[in-house]
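Take a look at the following structure, please.
When the chains are written out, they are named A, B and C in that same order, and each has its own residue count from 1.
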């Protein structure tokens, strides 16, 4: 089972990102679970979303304490204490940022890939919502799930113009990062976890 | 959190003669406050969204009400974003009990102060949900008994804190999550409840509407209400960027258009009779107001029903204009001008 | 059909399949997505019903009462403050023996103000006379909602379907939504023997003196106790139709020979199951998944606990000044056994505090270091409190 934590702010679509993630797993006949942790409705409020992907039914419902991956939708959140807490040793971070990956990696002491997701989103969607670009990049990096699955779930969620723009955006987002760089090696112990 | 108070004003619509002001450099807020010290009942650093008009309205109300008050606040955005434990943005005594009982809690507070011979004024704060709907009974009881309480309704026209569900204050045809448009529906079917008339029918000394687009109007009305010994009521129109679907820096502009279209008339009622109304110098068609907000975007399609709804909404606005006599006689009206606003502020640029 | 859905969305679809004619809605976190999804179905003409946005939960319950008495199948949903505001009506509905189904999206109760998950809300109204069924996951929430209509209409008792707010309502996972055909085969049209009908006028809700009040209450109590059979058969018939079990009154998992059991309700059961696999305890441990809290299935609980040495009850609410609620009822039931197991009672996860897998070893510590009191909030951090408040 792979656990991912997505940090963002209200309005950046990280709960939707988590849902799309789990839906994509579903497309591939795998098991997915996604849920948010937030307070009252508010633009700009920090929001955390959790995702679990597995090959057997997922029973646990606690928050993800030891994610294998973090997706950070807003680089300013890196200043918030505790954002990277619990990341597994060797865990990786994808950040929506205009800084260099190498620089962020050095700062955080962890392996970080930066993607200018907001820039891409503004270009393709006309709005600074970075979630789908980040998902596309994440799928490329980890090869956990396919771009086709992502496109399929986008079609379930969006229609018309927004759908077309998002489909173009994810194609672009996917190209921005090295494919398979974060591909997980199969661990025997993971297969048995519930 | 230091906010540049001037920024939203600078980005207002260019319909007003503010262009010359826009080219001046911003004065630091700290300097302003030294020049014109003002009581801050609501402190900055709270958690409201960008452009939240309710936060602005609450600050204006508490500034004018002064420190000798105590507040009963209903459940809603205001109490949530001002008091994330262990912090509070309030510098006045304040209690949040439940959603439906602000009017009753305030009544109790007032009675106790009266019994003790104390003079602090009791304020009750509620959103439209807590005032028009679930808190209606308690409000009515408080008004009927004539408690010396100023009730302020921060009207953002839906249950915003729970995620934009319709209330009886939601305007006709507006989209909310429980009045979504679809094949069978064009948004909220029913009309916006005329709360100020219902309140005024309780024969209270003073009930008024106002809007965040007219901050000195808010201040004037708060001071008026504070000076009255008896029940008073203010309904403040507060755009919600998230719920209405516009950018945070457009809140004031949107609020102003609501007034200028006639959809949100600015009126005063004393003992149930109309005592004053802000005349409209330059009446705007409702479409100018509606098209600025995503919650009305379904009215701007080729659907025949959409056209019908736009006509219906225009009729509502026209009705208000007639009933309250809002049409000024054609001459430039002194009330609705930037100049008048500035004079009332004592010449300072920021409220 | 298996779909990836948010819990609330799935429940909304399940409700629509049951063909309610009148739905009353008042928004309260975390039930909002349920009523929003329903209103979208109505707006798109996919659900034909009277959808009434009411002015408070008190009115929501009153509206569905009126509608049910006038002959329509109904639905509403609430949580926390809402269920307390409608408490008077809940007693009224149950006492009048009206078949109504309501979802409670379990949430903590003010004060302190909290929007997060615990079960204080539904527990607070356990004496209202409703059937209360607790769902361990979103699939159970869908299936239980449909079963609830059958149980309600056969027993003439209102049914509260409880699902953990946020933890279940806002979680997206794979959920099988039955077809309209399946639900129509399972649920006949609304039937209620005592509707308000001009051709056969009756008076409902009348004043009852001391000479008959006790009899009315006795019959209500018996009706809820007897509903156990309906709850079981509803589940069995659903299994025959869908291939899925929802756990009847309760279900037991784990090694037959275990002498220790953990009894719990709601979504924490999934976490406990995962913990039993991931952090296997030193000795075998059973999991008792209680589903029906009202009626409290005394005989079934006794049968499940017979021969055990220890039963650890974990709940997400408690009665201040007394202790655990489920724990107390389990203790009472098991005291009827000739050699009752030792009952240990804990609350955790109050106000939405996350319950990690590590709760399992923490609970099992009680086997070697027994508590000095009967009840404890196991995940409280006393360091956060001044000494005099500990």
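One rule holds in what follows: a residue touches a chain if its C-beta (ideal position, glycine included) is under 8 Å from a C-beta of that chain, and two chains touch if they have at least 3 such contacts.
No experiment lies behind these values; they were computed from the predicted model shown.
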Make each chain a node and each touching pair an edge, then name the shape: line, ring, star, complete, other.
complete
Pair of chains joined by more contacts [C-beta pairs], A-B or B-C
B-C
Distance from the mean Cα position of chain C to that of chain A, given in whole angstrom:
34
Averaging over Cα atoms per chain, report the distance between chain A and chain B in Å.
39
Of all residues in chain B, which are in touch with two or more distinct other chains?
161-163
Which parts of chain C, given as residue numbers and ranges, touch two or more other chains?
29
Do you know which chain A residues sit against two or more other chains?
39-40
Note which residues of chain C are touching chain A in the complex, please.
3-4, 6, 29, 115, 166-168, 170-174, 267-268, 270-271, 273-275, 277-278, 354-357
Within their complex, chain B touches chain A through residues 47-50, 77, 80-81, 84, 160-164, 241-242, 248
Going by the contact rule at the top, pick out the chain A residues touching chain B in the complex.
11, 39-45
Using the touch definition from the top, list the residues of chain B that touch chain C in their complex.
75, 85, 96, 98-100, 132-134, 136, 159, 161-163, 165-166, 168, 177-185
Contact residues on chain A for chain C in the complex?
18-19, 22-23, 26, 31-37, 39-40, 58-63, 65, 153, 192-194
